[in-house]
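You will see subunit A twice below: alongside subunit B first, and alongside subunit C after that.
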Partner chain A sequence: MHKFLIRSFVSSLVLLFSLTVAAVAKDVKAAFVYIGPTGDHGWTYQHDVGRKAVEAAGFKTTYVEGVPESADAERVLRQLANSGHDVIFTTSFGYMNPTNKVAKEFPNVKFEHATGYKREHPNVSTYAARFYEGRTILGTIAGTMTKSNVIGYVASFPIPEVIRGINSFTLAAQKVNPNIKTKIVWAFTWYDPGKEAEAAKALIDQGADVIAQHTDSTAIVQMAEKAGVYAFGQASNMDKFAPKAVLTSVENNWGPYYVDRVKAVANGTWSQKDTWHGIGDGMVVISDLDSQMPADLRSKVKKLQADLASGKVHSFTGPIYDQKGNLMVAEGKTADDGMLAGMMTYVKGVEGDIPK
Partner chain B sequence: MIIDINFIGLIIASIMASAVPLILASCGELITERSGVLNLGVEGMMIIGAISGFALMTVTGSLIIAVFGAMLAGVLISTIFAFLTQTLITNHVATGLALTIFGIGISAMIGKNFVGIPGKEFPVLFEGLKDTIPLLGSILFGHSIVFYFAFALPFITSYFLKKTKIGLIVRAVGDSPESASNQGINVKFVRYACILYGGAMSGLAGAYLSMIYTPQWIENMTGGRGWIALALVVFSTWNPIKILIGAMIFGGLTIIQFHMQAIGVRIPVQFLTALPYIVTIIVLVVISRDSRKIRLSTPSSLGKSFHKDN
Partner chain C sequence: MIKIVKRDQPSRAIFFFTPVLAIFLTLVAGGLIFFILGFKPFEALKFFFIVPIADKYGFSELLLKATPLCLIAIGLSFCFKSNNWNIGAEGQLTFGAIVSGGVALLFYEQEGFYILPIVILAGAIGGMLYASIPAILKTYFNTNEILVSLMLVYVSKLILDYLVVGPWSNPEGFNFPETRQFSDSAKLPLLFEGLRIHAGIFLALAAVVISWFVFYKTYLGFQMKVSGFSLKTARYAGYKGKKMIILVFLISGACAGLAGVGEITGPIGQLHREISPDYGFTAIIVAFLGRLHPVGIIFASLVVAITYLGAETAQIFMQIPKYTGQVFQGMILFFLLASDYLLFFKIKFIGSKK
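And then the complex of A and B:
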């Protein structure tokens, strides 16, 4: 409770500050609303890298960090819309309703909401990345590199995005190594380095020799480095934090999309869109593959990457069964986007239950 | 799953490592509270220590400068608190809360340039002896110097408060500043010193997090551990040895919960997160049944401002 009060207090101070420094210019201005601090080196950090790409393309930008997904968000959005911004990117799922509500009041301002599905007004677009494609690659690597056949997975919150990642990762790992077991630990945080490190340590102590993560800090790869096991970077390239442990990273690359959309506003060609881009469109980027991986694995991964990009391979290709053995995707079919967006069941081979 | 003895050793070692920042910050706060001052700014002082340690390590490359610099940073920020509460006689609770908010904000500001930089490796002691003794090997050996210091600190603190003259003076000031002042003790000076010491220990706790436990800087990385340290002081009924036990319970709950998840036992995570606080409340209820005991262990003038002339 204290923490919450303090956070909201701090964020309102930050907000005040950010709004006073909001740039004054007559050409297109873009604003970004962040859930966390730009210093998280994870989710928000990568969005801010995207914002800097927009700046580099010659546009004015403003950002507000640490905005709670509450009535505060509405207030921030209204203020940004009122202070002459032409396009506003809201970069967290919880901003969905505030974005649509404020969009109605400002029909001339364009709104872009990340990871949501509501587009109630013609000036609202949504966008997200197919991170699960990256996790198909990680699963392939993990299944090949593990010697203990126990793979650890530090998860954040039980939402479709995370479940989809676990499933895609496990399906790919099983494909190359049917004997693997994915052990999942829910940290119930997006970032808390101490907790994430403890979760990773628990998995390593229980025999996992490859650790995957769906939380944001670099603590997990550092723990893996210390313990001499493999790991994968999340959201940004984490190789320099753990040169021996990190085999590759899945990077979120929002820059090209942001530049594209702001340019569209400037040219007057902006229209409502629902974007879900993956490896093919460059929104999900696989970092360099570590030289510790055998050459044939590296070339296999490269090929898989190309096939995912071209659409020749889909992360969820049937037959896929759930934990109870019910058919989820029939042989020869692939999961449609509707199923992916609402995925809340584990596939066969994942151990344990999804916490409620 | 086969539970072998070395596995238990690994778990205990993890729990001890997670307890270190709690022990350091709590032992510091305990001295501050024993002198009658309630400093709720532990979280703020910790995060200042964390960024100062990390920044100094990155800039100077010296671990020694970084560790002592983090303690000094804790001292400096607690000086603000001491000046406000002791010289300007402001309210302890409000000032402490302000200190935490200030610390979180300023650490984020300083930290902007240090995000995304990997930390340096901190040397560990007796690494080679780890495999010589089963179970105890991984518990006793292969830790940083700060780890050993933290586990000695409760005993040093206990000895200091019970057996030394200065310790008695600190307790006297906390129990009855009026009488202490009449005895010729400079209450303000003693309280200043205790606040500054608390700041140094919180700073060290923060440095442990950013330099040893998870060597990196990200905003808010203390993640509420300062508040847990405060709860621990109350939990321990101002007894340093009980801090040691409490810190192991508080730190251990998370780790045991993760292990249970990995094994496949499901306990609602929300319950486990709340457990340390539930335990604190239970302990408080139990000890408050004995009013004599609580009078004996609580610094009687805790959180009350002292004016020399009244």
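And then the complex of A and C:
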């Protein structure tokens, strides 16, 4: 009798405990801070797609769009932390210092900062995607499809993320076509349809017949469509904006990561991490390949995609030379993450200088 | 029957009444927009205008937000009162921030009581230098100051971009576009523990007092007023127009530069690409809503500041798109300009008793 009582008492305790855990789990609320409007069809749009995946997984979410990286970011973060959100995703580099500052004040709230490097407190994680892997695919396609051997590239800001993309793209294009040149126009913006279209036009006027971009709007693919040249979608599948021009897109797929992290908060298993996922983990997704591409190119790209995912192929495999001909990565070696994170030199074959 | 009659003289009572009317009409129209979008209008307005400042922290954020707006608007009122259309305060803010940020970086990891005054002064000088460009071009080459000052805004942002990406970027910052953090001696002291409101608010209040004194108690203020009413009269009276034009631009630039200093040595603590959410442009609305009167500008800066905070709160709690904040700012200006009609015309209700 005694034992039975104890046993039932213990089991009811366990039941009660698991019920509370379940109740807590359901109540986890996630917040997202966006730099642009959710309708940009680029960077912010894809983060919002990720947020919707979190909603679909049964969690409540809140978002604030168009939060400038000025003094305002800190207030928005504090307000979100103060209003019952358990995990806050800050989706632009410029939120790095405010994120760490507010994280210090709210040790019980988890913070996830995209594309930054500062994790000053145990409740701050960082995450980013290996977009350069996607650019290896784009470079392969561009190098094959170009007839003028001039490839245009609209870049945003001269930071390692963008330089890395240009290099990865150029290396892949050179591999299939040693004669190509990559011409860069710096738009000095992440999102400005007018400027981006102008940059694309300038490149087309210089003879580029394939345009790649590291800015977020659909203006470039639309300009390419008008001019009758090829282009690639950025961040989201931009095929519907320029069906003839867009050969494929590199999609940012944040959903799985977001669901994973919010679930970890719910289960109490969240811990600080620095995540840098690529094609293999599904954070970088290649959209459907356009039927204008020859069948053998399409199968080559499919294979490359699988090899990048498995790690058999690395985007930065030596020998790699810089513009002056100095060896950057020796034959048979691959660039390590430290080198990739601070990459500020062009590889051979890129035209022009990095703006200083 | 309603009849519209031209007034013999602009009504002074209406002059101070129309801003209030404009705010009221904005609230009504805003409520209507919320209703059409499918939100409960009163609840939305509550989250927009009351919830954000309902506690001590919220109120301190309001003051923090209003400080640069008030400071810039005071400076602009010197220009606008005297018929000088400086709309490049955003550029003067940016350039002031660049100069003061550069000085703050020179004192990296150094401490000393003398650093902050130098940093502040550098910001004011930077703003003045930048404002002197449209002023000099206007006085000596007859260029249009609206165009020049506006275009210089974009130039200043490109200079800032160049500096934070290149020579001034943080050597330990993986080439990201930002400078190092300023040392504590180069930062404005906080007024209360745990709140972001900083000593910059005293700069704004000082500007209010000084501008009131200049406008209403000095010969310069009188000259500005006359030039504002009629440039020809001013010339006829023998005022030295060129000197005055340059002076009001310098004052305006200094104020905008100080607003930039307040941002970077206050809540931001470093230079990066985005130091101001277009305070320099929003301050134009503030200046007009405040009727170019120092006290009016204080109230106007608080009203406009709350549209920023309210937009965030409304999105967090009611999922109202944050960009409605800008819609509100636009509506305030629109209704203000529209109701200025009442300054010059009056509406007469004529009874149909016969």
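Criterion: the second predicted complex is superposed on the first by the 330 of 356 C-alpha atoms of A that agree within 3 Å, B and C clash if a C-alpha of one lies under 4 Å from a C-alpha of the other, contacts with A are read in each partner's own complex, and residues count from 1 in each chain.
The rule we apply is simple: contacts are C-beta pairs under 8 Å (C-beta built on N, C-alpha and C of every residue); 3 or more make two chains touch, one makes a residue touch a chain.
Owing to the predicted nature of the structure, the values given are computational and were not obtained by experimental measurement.
Annotation for the three-chain superposition on subunit A: subunit B and subunit C clash. Of the two partner chains placed around the shared chain by superposition, subunit B and subunit C are both touched by A:Pro37. Looking at the shared chain after the overlay, A:Phe188 reaches both subunit B and subunit C.
By the document's definition of touching, neither partner reaches A:Glu120: not subunit B, not subunit C. After overlaying the two complexes on the shared chain, residue contacts for A:Asp337 are found with neither subunit B nor subunit C. Touch criterion met: A:Glu69 reaches subunit C, while subunit B stays clear of it. Residue contacts after overlaying the shared chain place A:Asp288 against neither subunit B nor subunit C. Residue contacts after overlaying the shared chain place A:Asp274 against neither subunit B nor subunit C.
In the superposed model, A:Tyr45 makes contact with subunit B only, not with subunit C. Measured by the number of subunit A residues touched, the leading partner among subunit B and subunit C is B. Of the two partner chains, subunit B is the only one touched by A:Asp353; subunit C is not. Once the two structures sit on top of each other via chain A, subunit B runs into subunit C at 331-339, and not at any other stretch of 187-195, 223-231, 259-267 or 331-339.
Common to the subunit B and subunit C interfaces on subunit A are residues 37, 188, 355-356.
Note for the complex: subunit A touches subunit C at residues 31, 37, 62-72, 74-76, 78-80, 83, 93-94, 96-97, 117, 157-160, 188, 341-342, 344, 355-356.
Interface of subunit C with subunit A (complex): residues 57, 61, 64, 158, 161-162, 165-167, 174-178, 181, 196, 263, 266-270, 272-277, 308-309, 312-313, 315-317, 319, 321-323. Residues 2-3, 6-7, 9-10, 13, 36-41, 45, 152, 183-189, 191-199, 201-203, 205-206, 208, 217-219, 222-223, 236, 240-242, 351-353, 355-356 of subunit A are the ones that touch subunit B when the two sit in their complex. Within the complex formed with subunit A, the residues of subunit B that make contact are 1, 7, 10-11, 14, 18, 97, 100-101, 104-105, 108, 111-112, 115-116, 118-119, 209, 213-221, 223-225, 227, 254-255, 258-259, 261-264, 266, 268-270, 273.
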